[in-house]
Amino acid sequence: MRTIAVVVTARPSYSRIRSALVAIRDHPDLELRLIVGASALLDRYGAVPRRMAADGLEVHERVQVLVEGENDVAMAKTTGLALLELTSVLDRMRPDAVVTVADRYETLATAIAVSYLGIPLVHVQGGEVTGSIDDRVRHAVTKLADLHLPANAAAAARIVAMGEDPARVVVTGCPSIDLAAAVDAGDRLPFDPVARYGGVGADLDPSAGYLVVMQHPVTDEHRDARAHVTATLEAVRASGRPALWFWPNPDAGSDGTSEGIRAFREAHPDSPVRFFKNMAPEDFLALLSHADALVGNSSVGIRECAYLGVPAVNVGSRQQGRDRGHNVLDVTYDRDAIAAAIERAVTSPRPPSDPLYGDGDAGQRIAEALATAPLTPAVHHPA
Amino acid sequence: MRTIAVVVTARPSYSRIRSALVAIRDHPDLELRLIVGASALLDRYGAVPRRMAADGLEVHERVQVLVEGENDVAMAKTTGLALLELTSVLDRMRPDAVVTVADRYETLATAIAVSYLGIPLVHVQGGEVTGSIDDRVRHAVTKLADLHLPANAAAAARIVAMGEDPARVVVTGCPSIDLAAAVDAGDRLPFDPVARYGGVGADLDPSAGYLVVMQHPVTDEHRDARAHVTATLEAVRASGRPALWFWPNPDAGSDGTSEGIRAFREAHPDSPVRFFKNMAPEDFLALLSHADALVGNSSVGIRECAYLGVPAVNVGSRQQGRDRGHNVLDVTYDRDAIAAAIERAVTSPRPPSDPLYGDGDAGQRIAEALATAPLTPAVHHPA
Amino acid sequence: MRTIAVVVTARPSYSRIRSALVAIRDHPDLELRLIVGASALLDRYGAVPRRMAADGLEVHERVQVLVEGENDVAMAKTTGLALLELTSVLDRMRPDAVVTVADRYETLATAIAVSYLGIPLVHVQGGEVTGSIDDRVRHAVTKLADLHLPANAAAAARIVAMGEDPARVVVTGCPSIDLAAAVDAGDRLPFDPVARYGGVGADLDPSAGYLVVMQHPVTDEHRDARAHVTATLEAVRASGRPALWFWPNPDAGSDGTSEGIRAFREAHPDSPVRFFKNMAPEDFLALLSHADALVGNSSVGIRECAYLGVPAVNVGSRQQGRDRGHNVLDVTYDRDAIAAAIERAVTSPRPPSDPLYGDGDAGQRIAEALATAPLTPAVHHPA
Amino acid sequence: MRTIAVVVTARPSYSRIRSALVAIRDHPDLELRLIVGASALLDRYGAVPRRMAADGLEVHERVQVLVEGENDVAMAKTTGLALLELTSVLDRMRPDAVVTVADRYETLATAIAVSYLGIPLVHVQGGEVTGSIDDRVRHAVTKLADLHLPANAAAAARIVAMGEDPARVVVTGCPSIDLAAAVDAGDRLPFDPVARYGGVGADLDPSAGYLVVMQHPVTDEHRDARAHVTATLEAVRASGRPALWFWPNPDAGSDGTSEGIRAFREAHPDSPVRFFKNMAPEDFLALLSHADALVGNSSVGIRECAYLGVPAVNVGSRQQGRDRGHNVLDVTYDRDAIAAAIERAVTSPRPPSDPLYGDGDAGQRIAEALATAPLTPAVHHPA
C-alpha cells in the first residue's frame, strides 16, 4: 500500500487532476492524501473543497498561503509561504510520493519541499510548452521530479531531452480529458446556463448556437491585459453570436482584464454576452461540446477541444508552442483577426476528435503508474 | 550602466565568485549590488562580510534566513524564508540583472524570486553534474535562468541540451580558478598554518610533505556521514603522513561528520592530523599547491587541483558525474581503497596543469558578459 | 535630529494618524520615515500610497504581507509575515523611534519587531477600551511600548494602571480629530456625493437631510455579521431617510456583511440607500458634519462625532467600554431599537462639541513629544 | 474531557512545566497535546523530546522555527516564523485551551496565534517582574491571556492591577518547585557529576563543598556579556572553592559569554572549575540542594533555592524586581562584590525553606484549574 499525497492549489488544477484523484482513491494499492491550498481555498475563486466533498474526496490538509496583491511580489511571496507550510505538512505526513500538477507558480513550492525532504516527486503534465513564464516553472519542476507522467509522446520526448531518465517517464494522457470523455452531452445542451448559474449580462438564448470565451491575463504582460481583453470583446460582439464568457483565474493582471470587461459592459449593455464565474465541470464540458467555437487563450481550446472536436480561436501568446491539433486557429490580439477566425470556425466543417492530449483513461493510467512505478528518488544522471 | 546584484549565501560561494565580484565592481559599465545571506552571515562558518570588506567589496543587503536544525526540514524552510526576504529586497532594488552561483539549496530562492519579479537571472556554473541532489537544484536554476555563464564547453552543451537558447550561453570558465591562478605559491609553503590559524589536534610539521583533507557530508545520505568520515580518517592515519583537515560546511548531516571526527580524535590523540575551520583563500590555495594530494570529496579536488596540478583522491559519490581531469583518483568509502589511492597519488609523478574549469580570467569574462549580453528576460522556447 | 518611522497598515489607520505625519514631516528636529503595508497597499481598500502622495508624504518602504482568507488564520499569518518583513525593514532603517497606531491586529507585528530590535516604541491611542479582541492587542502593545501618547486623561490613567511609568505618558489628543477640526464644512454640504464618488444604489438627494452609516463586522463574532448588518439595513430603511452607507474594512467577517448588503439591495432596490467605498477624508468629514446622525458601529461615532456635535446611533458591542460623550445613543443589534434611536437622534436638539478625544492639535503635540520626550527604551518597572 | 495543548520552546521551559504536564496527562478529565519547537528541538541545547519520552510524555507536534544568528533580528524572525507555524498547527488541532509558559520571546508567537484563533489562552508564571525585556513579553502575554496561573499572590496582584479579571486568576505555585520538592537528595550528593556527565575543565572533588554557577547573557545588554561573565569567573576563582558551571541557554549574546569562558579556561587551566552543558533535572536539583551556594543570574537562585534553602549570590540586573526570599544576596557585575558575597553565603547559617514560589503541588493545581476553570475566551473589561 502506497500513500500518495496530491497538492491542489487552484481551481483549474483540480479540474485537471480530478479523474486521477478518484482513480487513486479507488485503487486497492493506493491511499490518497489530499492537500488543498492557496487560491483553491478562496470562495471568490470557486471554493474547491466543497466540490471535492461533492466528488467524495476527503481533504486532509489545508494550507492557507495566498498573499494578496495580484502582482509579481505576491506570487513570489505566496510561493515562499507555501514552501514553509508544505514542508511542515509533508514532513508530518511523509507519504510515499507527492503528485504535483502542471505549472502554476505555487507548484515550485511543492516541488522544492518534496525534493528537500527526500520524498519521490511525481509530475503530471510536464514537458509541455506554452511560451510564457509557466514554461520556466514547468521545466524547473521537471528537473526536480523523480517520476514524470506527461500527456503525450511529444511532451515525454522533451522531458527526456532535458536529461531525465526515460525509464521514469510514463505517458498517461492528461486527466482533464477524462472529464471530457465522460460527459454525455446528448444531442443538444441539456440545461439552461442562465437559469442554473445566473451570471451577469444579456439574457441570451443558446439554442441557435453560441460561443464560449475564456481569456486569461498573460502572466508576463499584465499591463496589456485590458487591451487584450477588449480586442476579444469587440470581435465577439462583431460576430453577432451569443457568447458565454468565463472570468479568468486569480493570476497577476486580472484587474486589467476585469476593468476591460466592466468598461465593455457599460458601453455595450445590449451585446448578447453573458459572464459566468464558474460552472460544474460536467456542465461546462457539455456546454463546450455544443459550442460553435471556443474563443480566447485557455488551454481548454488546445486540450479539451481537440478531444471534443470543437474549433478553437486561440488568441495571443499564452498557448504559444503548445502542441495542437487541427481544431485550433491561432490569431493575434487583433479585433479583426479574431473576428475573421470566429467566422471561419463557425462556418467550417466540425473537426474530428483528436486524442492528442488523451483518450479518456489518463486517471486510471496515473493511478496504475503510482501503484507500480519505482518510487525511489531518482539518481539524476548527467543531462 | 547596468546594476548587477549578486546573491552570496555561503562561504564557499563567495570564494567561487570573488574574482567576478571584483571585476564587476571595477567594470566601467557595471554597478555592483552585493546581497549576503544565510550561512554566509554566521560567524561560526567564517563570516563572509568581514572578508568582503577586506576585499574592498561593499555589502548592500543582509538577509538573515538560516533556520536551525541541519536537516532536510531546515533546508526547505531556509529556502522558503529566503524567498520571502529576497523578494522584498529585490523588489526594492530592481537591478538590471541578478547573478546566482552554482547549486546550493538556497540558490533556488534567488532564482524563483528573480524569475517572478521579471528581472533577468544570470546563472554562473550551470550545466555541471555531480550526482547528488545538487544536480536537481542546479538544473532547476538553469531552467529559470535567462543568461548562462558555465565553466566549460561540456557544461554549455548540457545547458543547450536542456532546451536553453545557445545565444544565451557564454562559456566564461569558473571564477574560483582565478584565485588559484592569482596565487604565487613560491617554492615552498610561505607560512606556518598552525602558527597562523591555530586549529586543533597534532602540532604537525608540513615541511616534509602533507595531505589536505576536505570531506563534506553528502546531502542525500546524511545518516551515513559518520561512517564515511571514519573511513577517510583511518586511511589518512594509515598513510602516516601529516594531514591538514578542514571542517565541512553547514549542510545537512554535518553532525554525523563532526561526531566521527570527535571520536577519532579521542581514539587517536597522537595521529598527525590537525583540524582547521577556515583559511584565507590565498593561504588555502598556497597550501593546496604544495600538498602531496587532496583527499576527500570537495569539488576543490576536481576544479582547483586540475588547474594547480595536484593529485586528488576523490572519495564517494559527491562529485559523481562531474567532468574531471587526469589528476583525479576516484575511490569508494572504503578505508583500504582510500589508503591505496593516497599512496599512489603521493608516489606518482605530479600531473600537469589542466584548464578544464578555467584559465584564470573567468571573473573578467563574467563581467564582460554582464556588460554586453542581452539582458531581456529570455523567451523560453520549446525544449 | 531624530528619525521617526511610522508604520501604517490600513486605510483607517492613515486617516487617524495623518495630521501627526504632516507635523512630523514639518518639524525641524524630526525626519519622517513612512512604512506602508498590508491592506493599506491594496487598491480595493482604497490605496493609501496615492493619498499619501497627494498629501505630500513620501513612502519609504512597502511591506506586502496580507494573507488572503478574511478569517482568523489569515489574521494570524498576516501578523507573522509582517513580523518577518518589518524586522528586516527596521533593522536596515534603525530609526530613533517607531510609531504604531491603535489596535489593528498587524500592530502587534510592529510592536514585537521594534521591541526585539531595541528601538524605542511609541504607541498612539493606547489605553482605550472597546470590549473586543482589539482591547487585547491594544493593551499588549501598551506593555511593549516605551512612550505612550494617548487621546485623553482616562486612557492615560489606564496605561499607568497597567504599570507603565507616568513620566512616559503624554496626553496628546487623537490626531483623527485634527482632520475634523480642520474641515470647513460651511452652511451646507459643499459637494454632491453621488456626482463626485459614484457608488451604487439609489440616486439620493441629501439636501433634505440624511444619515451616514458605517457598520464593521465585529472581529470576534464574524458568523453573525450578516444578521447584524441586516438589522441596521432594515432600521435605516424604516426611517425613510436617505442614507449614505460606507463599506467596511477588510477584517474577518466582511463577507457576511457584504452578503447581507447584497441581499438587501436585491430585496429593496428602491430604498434610498447609496453605498460608497471610500471618500477623501475632508469630504467625508464635511458629509458627517451635516448629517442628521451617524448610524453603525464605527469609532467615528464616538470620536469625530463627539467633536463635531453629530448624534451617533451606536449599534452593538464594537465600541463597548469606549469613553463617550453625550452625542452617543447605544442600541443592540435590534431593528426596532435601532430605528427608535435614529428617530430620537434626528428629532432631538443637536449636541454641543465635546473635546473628549481631542481639540484639533493632536498632530502638533505628537510631533513635539517625539522631538522632546526621552527616547531611551523604557526600564519596565514592576507593574 | 478537555484537550489541553502545551507549547514548549526551550529546555528551561520544559523543566519549569514538567510536573504540570505529567499532572495534565494523568488527569481523568484532561487530554494533553504537547507541541515542541524552536531551541527545544536542537541537540546542542539538550534535546527536549528525548527527555519527554523518558518522562512518558508523547510529542504531538514539532515546530522547527529557530532562525540562526543569536541576535535581536534572529529573535524577532524566530517569533514571526513560529507565529506562522503555530497558527497552522493550532488551527488543525483546535484544542480547548493552550498553555504557554513564562516569558521567552517565542512565547508571544503562541499567545498571538491562540488569541487570533479564538482559543482560550492560559498563562503560567505571569505577573512576575525581572527588569529585563522579558517583563515586556510576560506582561504582553498577560494582556492576551484568558486564564492566569501565577506562582504567588504578589504576581496575582500585579495581573489584576494590569486590568485582568480576578475571577480568572488562580494562584497555583510554580511547577518548577515541584521538581525540587520531589527530589530526595539524601545526606550527601548521591552521584559523581564528572563521572556521570563528563563536562570539561578541572577534575574537581565536590565532597568538601562546592559552588554551582549559572550565568546567562542578559538579553538587553549582550555586548557586555563577556565582561559580565569574566567578573563572575574571577570571583569564583578567587573563592578557591570547586565550582560546577552550567553553560547558558541560546539567547542573544551567548557568544560573548562563551568567549569569556574560553579565554578564562586558557588563562587559568588549573582553576577548580568544571563546565557542564546539561544535567537531568533530578540530578541538578540534588546537586543544588547540597551546594554551598548558587552563583550567577539564573532564576533558579530566586526560585528553587528559596524552596531548598540554598544561598544565592545573584549577579546583576537579570532578576531585578523579582520577588525574593532571604536566601538571596544581590551584587553588581563586580569581581570583588561577587567574591565577598560568595564568602558570606558560604560562611553564614543556611537559610530556611521558603514557599515563596510554591510548595510542591503546583502541577496538580494547574491541572485542576485547567479541568475546572471557565475556558471561554475572556471578555476584556476596561483596565
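Just so it is clear, A, B, C and D label the chains in written order, and each chain counts residues from 1 on its own.
Note that in this section contacts are C-beta pairs under 8 Å (C-beta built on N, C-alpha and C of every residue); 3 or more make two chains touch, one makes a residue touch a chain.
Given the structure is predicted, the values throughout are model-derived calculations rather than measurements.
**Q** Farthest from chain C by Cα centre, which chain is it? Let me know.
**A** B
**Q** Going by the touch criterion at the top, tell me which pair is linked by more C-beta contacts: A-D or A-B.
**A** It is A-B, judged by the count of C-beta pairs in contact.
**Q** In whole angstrom, how far does the Cα centroid of chain A sit from the Cα centroid of chain B?
**A** Roughly 40 Å, centre to centre.
**Q** Could you please state the distance in Å, as a whole number, between where the Cα atoms of chain A are centred and where those of chain D are centred?
**A** Centre separation, chain A to chain D: 54 Å.
**Q** Give me the residues of chain C that touch two or more other chains.
**A** Counting only residues that touch two or more other chains, chain C contributes 64, 73, 77, 81, 84, 88.
**Q** Taking the complex as given, what residues does chain C use to touch chain A?
**A** 39, 41-43, 64-69, 73-74, 77, 81, 255
**Q** Can you tell me which positions in chain B touch chain C when the two form their complex?
**A** Touching chain C: residues 61, 63-64, 81, 84-85, 88-89, 92 of chain B.
**Q** Sort out for me which residues of chain B touch chain A in the complex.
**A** 72-73, 75-77, 79-84, 87-88, 91, 105, 108-109, 111-113, 115-118, 127, 129, 131, 133, 135-137, 139-144, 158, 161-163, 220, 321, 377, 379-383
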